[in-house]
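To keep things simple, chains are lettered A, B, C, D and E as they appear, and every chain counts its residues starting from 1.
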Amino acid sequence: MLRDLLRPTPSGLAGLIFAALCFLFLPSLGGSYWTSAFTSAACFAMAASGVAFMYARLGMVSLTQVGLMGIGGWVTLRLNYLLPLPFEANLILASLATMVFGWLLALPALRMRGLYLALVTLMAAGGLEIIFATYQFPNGGEGFWGVKIGSFDPFRGPALAQTPEAYLRYVIVMVTLGFLFIEAHRRMFPGRAWALIRRSEAAAMASGVNVTLYKTWAFGIAGLLAGGAGGLLAGSLGLLDDGTFRSSESIMLFALAVVGGAQYWLGAVIAAFLFRILPALLADWGVDTDLAFIIFGAGLLHAIITAPDGIAGQIMGAARGLSARIRGGKP
Amino acid sequence: MIEVQDVTVRFGGVVALNAISARFTTPVAGIIGPNGAGKTTLMNVVSGFVSRSGGRVLMDGTDLLALAPHRRSKAGLRRSFQKEQIADDLTVFENVLVQIDSIGGTWSAKRDEVRRMLAVVGLERQADTPGARLSGFERRLTDVARCLVGAPKLIMFDEPAGGLSVAETERLGELILSIHGLTGTQTLVIDHDVELIARICAETLVLDFGRRIAFGPTAEVLADPKVKAAYLGTAEVEA
Amino acid sequence: APNCGMNTGQPATGEPIVVGGIFSNGAPGDWSSSTDSAAAYFACVNANGGINGRPVDYRVQDDQWNPEAAAQAAAKLVNDDKAVALVGNGSFIEMAVNAKTYVDQGIMAMASACAISECFETPNLVSTNQGPLPSNLGAAQYAQEELGSKNVACIGLNIPNNGIWSCQAVIDYMKSKGGDGSMALLNPGAPDVNSALLEAVASGADTILMNLPAGLALAVLKAAQEQDLRDQYVWIAPTPLYDLSVPDAVGEYWHGKIYVNAELAPLNQNGPDAQNWVAVLEAYGKPDDPRDTFGQAGYLSAQFFTKAMLEMDPADLSDRAKVTEAIRGIKGYTSDLMCGPYYVGDADFHMPNHAGYMVKIVAGGFEVVRECYEYDSPYFDKIIALEKEMGLR
Amino acid sequence: MGRTSLLNWLFFPVLVAVVFLWLGLDKPFKITGMFLASGLAIGSLYALGGIGMVVLFRASGVLNFSAGAAGAAGAMTSWQLVEWGVPAPAAWLACIAVALILTLAYGRIIAPMLAWRETVVKAVATLGFALIILGLVSWIWIDDPRSLTLPTDSASVTLMGLKVTGTRLLAFAATLLIALGIWLFLGRTQVGLQMRAVANDRDLSALLGIPILKVETIAWGIAGLLAGFTGLMFANLIRLEPVIITFMVIPSIAAALAGRLENLALVLIGGLSMGVIESLLTLSPTLKGARPIAPFVLAALVLLWYQRGARLTFGGRD
Amino acid sequence: MSVEVTGLTVTQGNRALLSGIDLTIRPGEVTAVIGANGAGKSELVLAMAGVLPLSAGQITLDGRRIDGTGPEAIRRAGMAAVPEGHRVLTALSVDDNLRAAGSLLKDDLAGRLAQAYAIFPELAERKAQAAGTLSGGQQQMVALAQALMSRPRYLLIDEMSLGLAPLIVKRLLGVVAELKAKGTGILLIEQFTDLALGIAETAVVLRGGRLRYSGEAARLAADKALLHGAYFGV
């Protein structure tokens, strides 16, 4: 069993190498602008891996992942100003709190499937958007909401990573851990249970799978990852703004997870790239934001139409073909 | 031994099952009846996918309907569906392993059991094949193997021979007949292939419009004029 | 010909001085007019000898109304491009996200279109425009003094450092004058402005202050027109309604009924700077650069910055610390566009602009109803004390 | 899903009554009446948007996030034409025509390429289209305060202490008529039946000989007309800001969910109730700040309510 | 006057699901298609119905090319298919299922409906029930009835008796005989080989996507060795 868990696969090895390369080279690639862009992209990769995994493994669509990130970020900020705990403790508590919120979200989800489930989560995202817009994110003020006007108190980043470059590395490590966490689940009994639930809930129940438990579990994991991602994002900026967590962003993250390729780790990375790096690139090239919208929307449509397994599916397919050819076998 | 007592099911105004009672005692028993008679509904009640408005189902004395659906599997209940339910992204081995994932036991014991049952259905060589690459018959066999693991007490097959060729049906029949000797499990089979039912089921329940119209040794049941009229159509059947 | 910087008529060819600017363009709106005007002014400066022969390399970044992009924009300009200062910034969120960065990196941001408290209450930001708080107070003061207002309902955005911050100041002001006030808050994305209007009506106010971006304010006015509330209330607004497209957009029903505070000189005042701004835009701007208050503010920030640079030792122009020092040293710059003198100083807060005009919306434009006046409110006490200390009063 | 039980019909009226009693009882009806009427006004817009959603969904299986954007493009075109001095009725027609063309373009060119994808993927793909339209619109028209007036704006009646303009009445009446008309169309005509068939299973419908392209063209055409009309109403009654009109689809979806994307009468009741409750929440000092949350909470609640006692079904299509 | 399939080849990826199939459906006759599980029978029906694209070969209906025209056009041209796996419009009522399928022809909808309900009186009792909640066999009846609603001149039936009670199967054999008598050409796929060969004039046997036998049904029925050989390839 342990052997199965640790069994290396080509795609998995490629992922670890990719993470290592990112860890080594990304922070020194392009100065402060890109360090900052890569950091937020990495946070969103973590959140995207949560939606992608729910979709690929259970066929469940969550349109509230970015909203959940907001919760993680909110809790991280709140704790930062409330208690003298280290960043890591805040991050873990925020992830757990978001996981609990994911469970709450799972309550209606247990009886719904497909589009209805997606739309219930969209309603949650709409609600969270309003809450964040109304009550804002804590910045060191008094009271439950902790909002102060005019200035804000300093945020304690992780002791290990005080510079933006170190923080980017820190986030890359966290994101890699998140990906490994999902992969470990996939290889063990929850992964099998999820696969059967995706096929048919009735068949899963007949096979002794506790459908309620496993669906809730999946929501919890997606919440955990979103919470962690939100906390990390809060850590990178030191404050958050409700504009980041609109419901349309949640829809977009799901769409990009599909475009990236929900079944593959690379898919989440591509999704994050498209979500944060591409706009940064366009902005850097001086493309007008409105035109960038058009390019982005057209690209999204094009990818959804032409790459049913996502861009990662095409890349992975090409890589498999290539490696087969190199080994001299049949493609 | 499985006992159905006074099971009634309603869908809105339709009475899909009307106070059905039957006590299955033979290793393999059949359920037949016209389309829409309520056969699948009966199995769904036993598995817990349909809520009954009355009645009980006892399996070796335990009241099955008191358990949550997924717990019934732990109590030893297995079933297959009218359409086979194989996850495309799991291997044959994993598709079977799911069944015993949530019960105790060591990993190696589970692995050996899955391998053994795959050998029984003749899929040991395909253990690592993903579900997506199986043929219809192989999918059906994987479904059977899944029902066999974990020391089941009762297996229910819903039209297992649907879409199988004559030769494949024959092989499946043999497999079903061998189950009792292998694990001591009782089997209930729904099928419209009367030949198959006649060959493998010692006793048979016949439903029509949600009512029990006959129950007893298969040969007797098939000779019953009521069954002939409602199900088989007139006379001559090679029983 | 426009009048810019050293006015030599010769293009500057020396080593460029990098200056940054951040604006917002994207879903909720386009706030680029201040950086557009600043860019036009710098282009004019560069064509006229630059800053002692060195051209200004003005680089702008769009924060897309996204806080991460705002942080990235600042990171790029401040860390990667090594800008010596930021000039002309126009945004709703950039200042909140980056206020700390500016302090940490020792850089000054001379913003122009600023709407949140951070613009006025943090050490390294100073803005040419007033922001909602003084402009609100100006409008309320006029209404209280001239229009007989006793109870003002402030309809604002439900954003702590914008609507709540600036409406609260109005309530405090009205109370200090023996009147009363209340606020009705609106979620920025909420479609329904009617409830906020009704809330204001239900509060028992006699004056309604629309502390909102122009689009939202128009929606409120439209709802009020539906209810035919025009003559039951005094209608006042801060600067956002001072936009040339507003008189047409509100329609005839409202002409002569809405009083707007203008934080810079009204567009038809035609002082030398007002004319120069238009000339600069015509010669160096893009044809669709907006001619609005924020454009004026962007032009002013760029002009004040240039002036401060020209007063510096030319050898220090690339030294951010020295530039910051020079900006902090700005004191008593004047312009016909602004009622009071512009200054920066060393305090942890900056609000040089706290006097303005009052105009009335009439058919086809605006009519000035009160020339430059200083706002009088307890909020400005510490600012006035500071100005006294600096010898500006 | 099966028939709608009486309890489902009562859900919203009961909820509205509860909120009214809770928040409105201690205040004079002069004030609460105004909030009620104002809520009905915004609610009818939610319902109008929701009905547009449901119609296309029932007729093609696509939940169209780009309806708002198409309407916004139409409304902006209309404003531009009025600026250029084109007679107003022509400008209104242009609004509807632009939305129609955009929607049909998507429905004929892009939607068929995605026909085999899951419902949710088809839905999010329309968001891509919405972004394209929104990008184009905000690129063509710089951000500026604008408004769009209709002749019905000046007529009004007084309802519960609140003046209600002709435009609001028009939107309300149109919502009712459209709901009724579409209900009859889908339920009683052959094309309506074919639309439901295509929405249920496109491949099988093709096998059954249903002219898919024709049916889908009609469905998207109706959706385009509705998007144009809705855009015109939103532009007049809410505000002429493309972003706001575009993202009105999200509360509209809440209204659509009230009828489970199926029952037009429930969409109408649900949308109206959402508007009323949202407006009444203004009376609560603690909840008034977050009152736009009402449609979302209500939609989630109502879905939970409808799912009570629901059983598992087999996976795959929904 | 017939449906002619020549050299029909279907590939998916780089695997040939069907290669070089030739067969004919004549009016008033039944062509049985026989083959083990996975032989490609269902693919054949889907390809002929226009759902699967052909990579080679052609199909003509009464002399007109119909391949590549798409499923609706083929249905309109007069050939109806009942695909495998009792597929129905799950969200629509039984009655709407039949009406939708019958909307192809303009005339006499009521008469055609009555005819369908006469063949399947079980369905007449459930007109208003959503087809998705029907039992498996009832859905198969709906699928067959849908095909009959357009009065096709050629009918392709995949797994006709799948999930149907013997009584119904017998009734259906009667219906097939009647259709034959009226001149409908039928392609029949049937798990019970004897049953299929019993009513067919011609038979083809498929194995691994290729034609292994093509000829008289009676000969195949009589010669078990021939059947076995074609079927299993021994």
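The definition used in the following text is that a residue touches a chain if its C-beta (ideal position, glycine included) is under 8 Å from a C-beta of that chain, and two chains touch if they have at least 3 such contacts.
All figures in this text were calculated on a predicted structure; none of them were measured in a lab.
*Asks:* Moving only from a chain to one it touches, give the least number of moves from chain B to chain C.
*Replies:* So the least number of steps between the two chains is 2.
*Asks:* Chain by chain, through touching neighbours only, how many steps does the shortest route from chain C to chain D take?
*Replies:* Each step joins two touching chains, and the minimum needed here is 1.
*Asks:* Going by C-alpha centroids, which chain is farthest from chain B? Tell me that one.
*Replies:* C
*Asks:* What whole-Å value do you get for the distance between chain A and chain B if each is reduced to the mean of its CA atoms?
*Replies:* So the centre of chain A lies 43 Å away from the centre of chain B.
*Asks:* Between chain B and chain D, tell me the centre distance in angstrom, where each centre is the average of that chain's C-alpha atoms.
*Replies:* Chain centroid spacing, chain B to chain D, equals 48 Å.
*Asks:* Based only on mean CA positions, could you tell me how far chain A sits from chain D in angstrom?
*Replies:* Chain centroid spacing, chain A to chain D, equals 31 Å.
*Asks:* Where the CA atoms of chain C average out and where those of chain E average out, how many Å apart are those spots?
*Replies:* Going by mean C-alpha positions, chain C sits 75 Å from chain E.
*Asks:* Indicate the residues of chain A shared as contacts by at least two other chains.
*Replies:* Only 130, 134, 198-200, 202-203, 205, 211, 288, 290 qualify.
*Asks:* Multi-chain contacts only, two chains or more: what residues does chain B have there?
*Replies:* 49, 81, 83
*Asks:* By the touch rule stated above, which residues of chain E touch at least two different other chains?
*Replies:* Not one residue of chain E touches more than one other chain, so the list is empty.
*Asks:* Spell out the residues on chain B that touch chain E in their complex, using ranges where they run on.
*Replies:* Going through chain B, the ones touching chain E are 11, 14, 32-37, 40-41, 82-83, 135-137, 159, 162-169, 192, 194, 230-234, 237.
*Asks:* Looking at the complex, which residues from chain E come into contact with chain B?
*Replies:* 35-38, 84-85, 122, 129, 133-138, 140-141, 159, 161-171, 191-193, 232
*Asks:* What residues on chain C touch chain D, complex-wise?
*Replies:* The touching residues are 27-30, 158, 185, 187, 189-196, 198-199, 201-202, 214-219, 222, 225-228, 243, 245-246, 249-251, 288, 290.
*Asks:* For the complex, give me every residue of chain C touching chain A.
*Replies:* The touching residues are 25-26, 61-62, 64-69, 71-73, 75-76, 78-80, 93, 96-97, 99-100, 117-118, 120-122, 158-161, 164-165, 187-190.
*Asks:* Considering only the defined contacts, which chain A positions touch chain B in the complex?
*Replies:* That would be residues 1, 189, 192-193, 195-196, 198-200, 202-211 of chain A.
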